[in-house]
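Written out below as structure tokens is the structure these notes cover.
Going by the order they are written in, the chains are A, B and C; count residues from 1 in each one.
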Amino acid sequence: MDTFVLISITGVGLGALYFLVASGLSLIYGLMGVLNFAHGTFLVVGAFVGLWMSTQVFHTNSTFAFIVSMIVGGIGAGIFALIMEQLLITRLYNRHIDQALVTVGVALVVGAVLGGWFTNDLRLLPTPPWFINTVTIGKAFIPVDRFLYILTALALLGIFVGILKFTRIGLIIRAGVENRTMVTALGINVKRAFSAVFFLGGFAAGVGGVLIAAYQGGVTPLMAGSWLIYGFIVVVIGGMGSIGGSAVAALLIGITKQFVNYYIPGLGDFVVVILLVAVLLVRPQGLFGKVSA
Amino acid sequence: MSVLSLKDVHVYIQGSHVLRGVTFEIPSNKVTALLGRNGVGKSTTLKAIMGLRQSTGEITLDGKSIHGKPTYQIVRTGIGYVPEDREIFSMLSVKDNLNIAVRDSEPNFDLVYSLFPELKTRTAQRAGTLSGGQQQMVAISRALLNRNQILLIDEPTKGLAPKLVTEVAESLARVAGESTMLLVEQNLALVKRVAEHILIMDQGKIIFQGEPSHLEDADFVHSMLGVGGRHN
Amino acid sequence: MLRWKYSRPLLGLLILITAIGPAIHLGFLAEPGMQQTLAVAFLYGALALTYDLLFGFTGLLSFGHAVFFASGMYLTAIFVNSAHMSLFPAAAIAIFITSLLATAVGAASLRTTGITFAMVTLAFGEAGHIIISRNFGNFTNGENGLALNADRVPSFFLGVANTRYLFWLALSVLAITYFAIWWVTQSSAGKVFQALRDNEVRASVLGLNPFVYKLLAFMIAGTLASIVGCAMLVISGSASPRFASAETTIALLLMVILGGAVTRWGAVIGGILYSLASTRLQDFSKIATQHHIPKVLSGPLSEPAFTLGLIFILIVMFAPGGLSGAYYRLRQSYFAKKSRKAETE
């Protein structure tokens, strides 16, 4: 029972990190049809900005410093995403394959630049001392940092849902995910929504990058690849363009991975990809995706 | 006085020459019906006006060229568009479907709700769960919320049950009196009722312009639109 | 659209290489290091070509193609090392098994289309990559890679002095792959692949079953990739999990885009250049330090991905069709000029 509680909560914590990566990926694909291979790069950019804040600006590992670094990391990644969108993506308007290819190029170039500047070694990100504490639930000892991941993911989920439900740009995004052409035919410049989605997606990924750095013990440009693949898996299982779907799929995958890894160490990843194949073959649009392509 | 004019408009879609020099003018404060067999380019003409299809030629609205501008700017010069197949946002509520269409500072919700009272009771319902007729009402409402120079309406009665056709026709007739409208329609009864001017297309060109009274002549209808003049 | 002339540039190159072949003991080609580098580059050229069949000709964006390449490598190595078979029968069985594997994976993935297909193949590819790198069943030696037992490899493939035979092996595999894909794409099935890519609905209206043809393309591409894998095993002496990764498939995509899809020789040149660049660009860092280039620049320049990625972005943005596309554009404008000149005269 204690093991069950422990694995469930750490699984939810991992799912929270997956959600941060996947949510923006899902919106960007849903609205613009761009499969964003640079999303892992957003995450790494956010982590490096967070690292810079934390080590060069604050020189302390207080909770306040960490939270601010995390938010600044998110903003840094958001701005990076916006620049990429303005500089490259908008110029390839409606050429979806080329847009995806350009993001592959960005991922390569930025990965190489960061690798060239900082090497691919893990750089320690200072975290508040209480991160290594545990709390007892029943008899299970739960690492406290997992709750921060979960709270952050919930906060971002709240922000996303709030923006989508209660703002004009959110309305345009929701409508655009369904039928972009009709949105323009109502006199709306949908490109603003594209920029908003890129910034928000980059922000979530950047925040996620700082937290992932805390989770893994440090920052390296190599984080981009593996987390990007998990982001894709979550988005595809949840359904492209659905934030709620991403949240559910992220939890499903986080928990599945932790449980499988506990009983058969090393098999978690494998089961997750098999889960992806199974879901797609039964429901190609994902769990919460709309039926049409 | 014409509101909208097209001069020698050509459209190619995947190599085939769909519009072959379309030229016409739409008079203001009248309903103009655009008729023709299936596949002659009626919807493509509307899409070319909207900037949804790449075209060559001249398109002017109220004397200013709108050709080549992005769709959203064309619409902002004052066009209300009701596309073929409605294209409402099925995941959004009725209210959201209407709200997203708002451009004016004082959108005319009163007009919409007086034309389609059923929508008022269903504002929170997801548009995808509405009946076909109600979805068409949402699509038409989106175009009526703003003050427009012209309405482009593409087959509003397509696929509707006869009773609903009447209902949609009634509301179009009510709006018709005070607005400029370009209506693509297969239903000749509706056209005769609301249209004051007709255009007939064939093979990507306008082959006739004139009074709707010609539609009373069975031979004319037969030669222009095929047997009986009613197609689907 | 596909005619003999599209093959001429590559054929010219092959003839050139064959002509200078006897001179392999001369000049820079005499260095075994260079021969090895070129051999690897030829194989990447061949591998990129198999990907062109999928992506360029049939329009299937697969992210799992590298797995069939790795499967050819690993199965051959396992049969040689564990089943004590000699190289050629082991390779033949490995290729056969991979063709079955490709058929099975293709049959499952091709139930979906578009982006979903890309994701399913990514998942299959990752599954294969995980199986190899986690060493399930103790066959693959995990992250360390699996070295080929040299005792069972024909002696002429061994030793630095015999590197020239590896060069010839790679060149033959490139030629075989090239002519196989030439033949496939020129055949009536190949025409159907392209029709499906351009307009699946129109093609299926003609009574063709898209699934069967796409599966055929997937199977052929996978099988050819495994042949290249066997050769790569011999040339590099060991198999490594990175050959199965999604990064490898993405590299193949880059090679095809770099050289230009659907011209065949474009993919080959793209693969060769990419491979040469990956190995040679690392020397930049040495040059950079010698010439006191600031670290801000020398760091990224020492990573081949930086230069390749930049070139790649520029090609996608400004030169769709890649190198071969640019070549045909130049040629076209040259001939257009010439014919204009002829008219005025």
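Convention: a contact is a pair of C-beta atoms (placed from the backbone, for glycine too) under 8 Å apart; a residue touches a chain by one contact, two chains touch by 3 or more.
Small disclaimer: the values here were computed from a predicted structure and weren't measured.
Novice: Identify the chain whose mean C-alpha position lies nearest to the mean of all protein C-alpha atoms shown.
Specialist: That would be A.
Novice: Just grab the chain with the largest centre-to-centre distance to subunit C, centres being mean Cα coordinates.
Specialist: B
Novice: Hey, how far is the Cα centre of subunit A from the one of subunit B, in Å?
Specialist: Spacing between the chain centres: roughly 43 Å.
Novice: Which whole number of Å gives the spacing of the CA centres of subunit A and subunit C?
Specialist: It comes to 32 Å between the two C-alpha centres.
Novice: Compute the distance, rounded to whole Å, between the mean C-alpha positions of subunit B and subunit C.
Specialist: Their C-alpha centroids are separated by 52 Å.
Novice: Given the complex with subunit A, which residues does subunit B contribute to the contact?
Specialist: Listed in rising order, the residues of subunit B that touch subunit A are 50, 52, 70-72, 75-76, 81, 83, 87, 89-92, 96, 99-101, 103, 142, 146.
Novice: Quick one: which bits of subunit A touch subunit C in the complex? Just the residue numbers, please.
Specialist: 29, 35, 37, 88, 91-92, 97-98, 101-102, 104-109, 111-113, 115-117, 225, 229, 232-233, 236, 240, 266-267, 269-270, 273-274, 276-277, 280-281, 284-285, 293
Novice: Taking the complex as given, what residues does subunit C use to touch subunit A?
Specialist: Touch list, subunit C to subunit A: 61, 108, 111-116, 118-120, 122-124, 126-127, 130-131, 134, 136, 246-247, 250, 253-254, 257, 295-296, 298-306, 308-310, 312-313, 316-317, 320.
Novice: In their shared complex, at which residues does subunit A touch subunit B?
Specialist: Within the complex, subunit A contacts subunit B at residues 171-172, 174-175, 177-179, 181-190, 290.
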